[in-house]
Amino acid sequence: MDVLLQALLNGILIGGILICLTVGFQLTFGVLHVIDFAVGGWVMLGGYAAYWASRLLGLDPFISVFFIFVVFAGIGCALGPLIYHVRTSRYARPDLMALAFTFGLFIMMRGGALWLWSFDSRSVDSVLSGASLSVGPVTIPLLRLSAFGMALLLGLGLFVLLYRTRFGMAVRAVAQNRDHAGLMGVDVKRVSAYVYGIYTGITASAGVLLATIYSVNPEVGVRYTLFAFFVAVLAGLGSVGGVLVAGLILGLVESLVGTYVGTRYSLLVVFATLYLVLLISPKGILRRGI
Amino acid sequence: MVSKPSRRRLVATGLALVAGTAALTALPAFIDPYSLRIVTGVLMWAGLACAWNIVGGYAGYISFGHSAFFGIGAYVTGILMQSGVGMPFLATLPLGILVAVGVAAAIGGPTMRLRGAYFAIATWAFAEMLMQLATVLDITGGTGGLSLPAYLNEFFFYYTMLVVALAVYLGAWYLLERTRFGYRLKALRDHEPAAEAVGIHTTRVKVQAFALSAGITSLFGSIYAYWVTFIDPRSVMGPEITDQMVVMVLLGGLGTVWGPALGATVLWVTNRYIWSEFGDTAIYLPILGLIIALIVLFLPNGLISLLPGGRRGHGVLTRLLRKL
Amino acid sequence: MPASRDARPQPRSPLVVEGAVKHFGGVTAVDGVGLEVASREVVGVIGPNGSGKSTLFNLIAGMLALDEGRVWLDGREVTGLPAWRIARAGLARTFQIPSLFDNISVRDNLLAAAVEGDWKGAPGRAGEVLEMLEIGHVADNLASELSGGQQKLLEFGRVCMRDPSVILLDEATAGVHPKIRRIMLEAIRRVREAGATFLVIEHDMEMVRETCDRIVVMDAGRVVVEGSFDEIADNREVRRAYLGRRE
C-alpha cells in the first residue's frame, strides 16, 4: 500500500513536468501545424544549459531556469520564421517537408551534443537535492516537489497568456484559421515565430527541471520526444487543455510500470501504448481544441 | 496505361546498365580492401534508401521506423546461425524476408490508415518498441548482442551486395516506373481520395508497397549481420539506420528511381571519409542533420534535380548518357 | 514602377480598383475591372455565377495576387500587400459561406476581431455588437454550434468590431430566415451611418433594390454595365448577361 502511494505520488510529480514538456509542443502544432520532432532536443539542450550554468556560473537550476527560458525563447523566435517558411511553402507536401526539417534539427542537436559532450551523463545539482519531506508513509523529495511547482507555474503562465491577453487572442485566432486571422489584421508570420519561441523556451525549461531530477546526456532527447508524442497523441494533437490529463496519465504509467514491472520495461510499455493509442484513436482520447 | 519508352532510350539504358555492371564487377581487382568495404557499404545503403523510397517517396508515407525491418533481418539471420541452430547463411535470407513481410503486412493495414505525421510517429514508436523488445529478450542476447560465425571474405559480401542492390534497383525501376503498380502508388501519394475514386484499392496498394519495402530492408539487414559478424539492438535497430535512409533519399531526390543511389553514394563516402579523418563519426550526425535542414530549405527535389534534364529524375541515366 | 504611373494623383475615394486582371491557367477570371466606390456609398456587384465577382473580392482583400492592376484603400495604394496589411489598412470582408473561428466561443470570435484594434474597449464593444445582432443569448456557445443565419450575423459582428472604412459583403443575407435578414439589414444601415463604405455581392434583388446606391454588373470577368437599380433593370446587356440566363 505504501509502495503504491509512493508510486502514485512520484507519477503525479513527474506528470506535472511532462505537462510542461508537452504544452508548448501542442501549441506549436495548433498554430504552425508542425510536428516538432526536435521537442526532445530542446529538452536535452535545456538540461545542458542548466548544467553549464551551474558548472561555470555556479547558478542553481531554479534560478538559471529563468535565464534559460529567455535565451531559448530567443533562439526559437529566430528559428520560427524558417519553420513557418517551410510549412507554408509551395512544396508538394509541406507538412512532410516540415516534419523532415525538424527531424533534421533533432539529429543536429543530438549529434552536436554527442560530438561536443560525449555520451557521459551529467547531473545538475540544486540546493534542494537530497532534501525531503515525510508525510505519513510517503517521502516527498523537495527537489521533485519544487520542480513540479515550477512546471505548474510555467504551464499556468502559458494559460494566462493564451486566455487572458491580446497576444493570446491573436494566437488562438491563428490556431483556429490562419487565413481568417490574417483578415483580422493579425501578422500570422510574426505570431507564429513568437509561438515557436514560447514553445522552445518552455520546453527547454522543462529540460532544466528534468535534468535536476534525473541527469542529462545526448540520448535523453529521443526519450523525451517520445514522451511529448505520447502525451500529445493521448490528448489529441493540438489540444492544449487535454495535456493536463494526458501528462498525468503518462507520469503514472511510467511510475507504476517502473515500480511493479521493472524500469527496463517502462520504455517498451510506453512505446507499445503509444503505438496502440495511435491505431485505436488517432484523434486522441481527450480531444478539445485550443 | 503505361507508355512505352522509345527504343533509343531503352537501348541507352541497357548499355548504361551493362557498362555499369561490368565496371562494378571488375572493380575489386583494382582497389584495396578498405575501399572495397566502402563500396560494399555504398551498395547496401543505396539498396536500403531505394527500399525506403518505395514507401516514403512513391506512396508518400514518411516512415521513421524502417530500422525495425533492418533489425528483423539481422536478428533472424543472427539467431538462426547460432551454433545451436546452425542454419546456413543463404537459407536464413528468405526466412528473414518472410518475417519482415509478415510483420509489415500485419501492421501495415492499421498503421497505414494514419496519414502524414501520425504515420511517422506510429512507425517510429513501433521501431523503438521493437528495439526495446530486443534489449529485454533472451533470444536476441539483450544488450549484450549476438555474435555470428565469422566469414571474412570481403569479395563474397561485395558481390552479394552488388547482386542484391542491382536487382533491387532494376526491380524498383520496372515496378515503379513501368507498371500499373507504380502509377497506383503515385496516384495515392498525390491525392488519396482521388485515387480511390478511380477505383484503386488504396489500402491494398499501400500495404503491398510497405511489405515490399520491408522485405528488401530485411534482406540487407541479414547480409549486414553476417558481414559485420556482431549485432546488438542499437547497431541494427537504432534510429541512425532510419535517419540515414531518410537523409539519403531526401538528399538524392524523393520519389525518383536513381536519387536514393546518388544520395547514398555521397553520404556514405562522406561518412567513411569523416571516419578515416577524425577517427570517429561523432561529427557525422550533426552534419547529417544539417544536410536535411538545408535540403528542405534550398533543394527540396534533391541532388538529382541538379543533373541536366533530371527534373523529376525520370530516366536521368539515359539523358546523362545521351549527353556523353 | 514607371514614373508616369505615379504621376496620377492618389485617388481620394475609400476604394478604387484600376484595371484588375487575374488569370487561372488559361482562364481569365477577372479581365480588366475598374471601379470606384465613394464615401458611404453602397455598391452592389451582380452577375451570373463564374462572372468573377468572388475573385474580384479576393483580389481586393489580398487573398489572391493581382496579375495586373492596382488597388487603393482610403487613398493609400495597397496593391501587392499581404491580406493582413490590407486588413490593417481598413478593409473587412465576409464570405458567402461564413468563415468563423469554429472552436472558440461567439464572444471570443468578436474579441479576436479586435486584436489589432481597440483591445481595451473590445469587451464593451462586443457586448454592444451581441445586443445589436441579437445573439447575446449564445455568446458563450462555440461558433460552430450556431445556426447558419446566426453564423452570418456573427461574421458581420466581427466586421463591426473592427471599425473598417471599406466592407466587402459576399451574399450577406442569402438563404437566411426573414427575421435574421431584418437584423442584418438594420445592422448594415447602422454601420453605414457610422461612416463605412460597402461593396456587396448579392443575388437577392430585393436586397439590392433596398440597399444599393449603385450597381455594377459583371459578366465573364468584365464590368458590362453600371448604374442605378432602375437603369440596370431596363438594360438589354444585363438581361442577356444575367437575367436572361436566370429565366
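Just so it is clear, A, B and C label the chains in written order, and each chain counts residues from 1 on its own.
The definition used in the following text is that a contact is a pair of C-beta atoms (placed from the backbone, for glycine too) under 8 Å apart; a residue touches a chain by one contact, two chains touch by 3 or more.
As the structure is a computational prediction, the values presented were derived from the model and not from experiment.
Where contacts are defined as at the top, ignoring subunit B still yields one piece in which all remaining chains are linked.
Chain-level centrality, scored on Cα centres against the all-protein Cα centre, points to A.
Ranking all chains by how far their C-alpha centres lie from the centre of subunit C, first place goes to B. For the pair subunit A and subunit B, the distance between C-alpha centroids works out to 33 Å.
Averaging Cα coordinates per chain places subunit A and subunit C 43 Å apart. Distance from the subunit B centre to the subunit C centre is 54 Å, each centre being the mean of its Cα atoms.
Across the interface of their complex, subunit A is touched by residues 61, 63, 82-84, 87-88, 92-93, 99-104, 108, 111-113, 115-117, 119, 158, 162 of subunit C. For subunit B in complex with subunit A, the residues that touch the partner chain are 60, 62, 64, 110-111, 113-114, 116-118, 120-122, 124-126, 128-129, 132-133, 135-136, 190, 239, 243, 246-247, 250, 282-293, 295-297, 300. Residues 35, 82, 85-86, 89, 91-93, 95-101, 103-112, 114-115, 118, 222, 226, 229, 233, 237, 264-265, 267-268, 271-272, 274-275, 278-279, 282 of subunit A are the ones that touch subunit B when the two sit in their complex. Against subunit C, the residues of subunit A that register as touching in their complex are 166, 169-170, 172-173, 176-177, 179-188, 289-290.
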